[in-house]
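Shared chain: chain A. Partners: chain B in the first complex, chain C in the second.
Moving on, here comes the complex of A and B:
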């Protein structure tokens, strides 16, 4: 299926109905997830703030998942020089940055009542922050180079460098944090999550994924339209 | 190998001739170190606590300075085209550029780093450790920074763009370097940090030139 979609025309045909379908799935799952979320009992320790977790945890997962998509698309664009893969990689970056920002913001809102502080230089928080900075750098590089093909390839190289660097960042901040302080107090390994919490979490994760898929397809589609418009304008100019 | 020698000698001559050598980075480093007590307050106890860490942070910032001209100058006057067409692979040219960058900026900064840290109040016994980590970390800074410099070729926002791209890459060496110094000061196991820092620098040394050459070819295409 992926091979067939590398043809822009086939991709446009596919995404024409796939994007709205994914959007509808995201809406239904999102509504169901939120309903399950608010139906869940407040946690005995976290109280009502546990509801933030259902928004926060899927966003944090998505921030990494989107980077994975970006990396795969960049690799395909770099190796096979495929314009659609380039467009896919560049279209994914602002979405990933959005999910990362959502994860950071909701985490901060949850941290204030639960940890008593907006921000802690904990290993996880720091590596997500570096991921966010990385998305910003990627978008800045994309915006700074005028030539489209050149910008895509430069961005693809940066994405692959980041793919190598991000695990190193992750393990380095874990090492750094454990060297300075045992901050595992923040990660109380409670008993396995009850179903009433697991259900909204997984539902909302699927909703996030569907929403990302829909928005990603829409962004790639608009990129294809933009290029077609550019070609037509050139042709009209003679 | 002679080709590499010629490339390296050219880069060294260019940076001494045109860019004033390490003077700019050293002056910047000294200026940051001067502003630090002004911002943090002059109490020796407070300054001493942050001295090694801030010496390392300033080092990372100072090594960003000369990156902008690393490829840009050759890109503008067409020398990069000649290097790409020449018999030596572009990877080798990128390697020579970063090595020259380390020799002219990284190594002098590594000499200055212990002086800065001690002037901020770090114990004198830390000086060799600070110099050693700065010397090793400088390799990582040069070769990672070179990737940012090569990627931003052809954009008109060189300097700031390089900083935005490169600073997330600098997170691990800053952690390892400052961590090794901290551990050494506290009498803990500092070899782990030093070895991780060396591993990062060696990985940058080995992989960086390929990314830089790919980025240069892309900018030239």
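Moving on, here comes the complex of A and C:
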């Protein structure tokens, strides 16, 4: 397993079957999650908007999880100068930006009928917007620097700085008085929702995670091919 | 039994699902297009005589 994550040839062999396997798992879990989603009864307070929770919360969790992956890959790339770690970091950023965009947009669509506003500058929403800007900043910086080694180092440092924002996002609803509600799942006294809501929420979360895994592996493979093509083109030219 | 009614909140529920579907389709399409493009580029260059081995 370690070899598959550090040796490019082993990684390409591993990811060749792991990516489609994760894609199939994501499809099955996504279908099961949607079935459980629309089998659930409307909430007695939120009515049918509870359906938005089943796609908003997994996107929000994934926005943090993917940034954690980006941070770890950036750290490994910066410290060990490992090409696969750099590729993994670069491959994670657009996916994380996609999940964060979904968290912000679906949250806004949920907030309008429940809070009476599309947006409020409270600590949770603002810190997630900052997370989105870190993703965009990472991709912009990567695109702006021609030298790949310099771009990787600069992006890794930016990604590591952005890690500071993760606990701020997570604890924002505890540290500050926010319009956004506190955690309903990870609580000391257990989840504050019935199993009929917890089941679609967790199933769709696993589907999102499997989808991320599949897409991440394919994007890392693309990075390996891109670098290989660049090296081979240079050799052919030289 | 499945219930696809969203009542008076349909204007918020279905755009949320539509947007989620669009973002997923875009991420999948971009990922597959990128993979296809660079795989072809790497395989094309490997056909050159100097490309006998395959560096990262």
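Everything that follows uses one rule, which is that the second predicted complex is superposed on the first by the 209 of 238 C-alpha atoms of A that agree within 3 Å, B and C clash if a C-alpha of one lies under 4 Å from a C-alpha of the other, contacts with A are read in each partner's own complex, and residues count from 1 in each chain.
Here is the rule we use: a contact is a pair of C-beta atoms (placed from the backbone, for glycine too) under 8 Å apart; a residue touches a chain by one contact, two chains touch by 3 or more.
All figures in this text were calculated on a predicted structure; none of them were measured in a lab.
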First, second, both or neither for A:32, with chain B first and chain C second: neither
Which superposed partner A:105 touches (first chain B, second chain C, both, neither): second
Which superposed partner A:206 touches (first chain B, second chain C, both, neither): neither
Which superposed partner A:83 touches (first chain B, second chain C, both, neither): second
Most chain A residues touched (candidates chain B, chain C): C
Touched partner set for A:232, first chain B, second chain C, both or neither: second
Contacts of A:18 with chain B and chain C, given as first, second, both or neither: neither
First (chain B), second (chain C), both or neither touched by A:130: first
Partner chain(s) touched by A:219 [first = chain B, second = chain C, both, neither]: second
Partner chain(s) touched by A:172 [first = chain B, second = chain C, both, neither]: first
Intersection of the chain A residues that touch chain B with those that touch chain C: none
Contact footprint of chain C on chain A as seen in their complex: 8-9, 35, 38-39, 41-42, 47-49, 51-52, 55-56, 59, 83-84, 94-95, 98, 101-102, 105-106, 109-110, 112-113, 211, 215, 218-219, 221-229, 231-233, 235-236
Residues of chain C that touch chain A when the two form their complex: 1-10, 12-13, 15-17, 19-20, 23-24, 26-28, 30-32, 34-35, 37-39, 41-42, 44-46, 48, 50-51, 54-56
Complex contact set, residues of chain B against chain A: 147, 151-152, 154-157, 161, 164-165, 167-169, 171-172, 175-176, 179, 182-183, 192-193, 196, 200, 207, 211, 214-215, 218-219, 221
In the complex, chain A residues that touch chain B: 130, 133-134, 136-137, 140-141, 144-147, 150, 153-154, 157-158, 160-162, 164-165, 168-169, 172-173, 175-176, 179-180
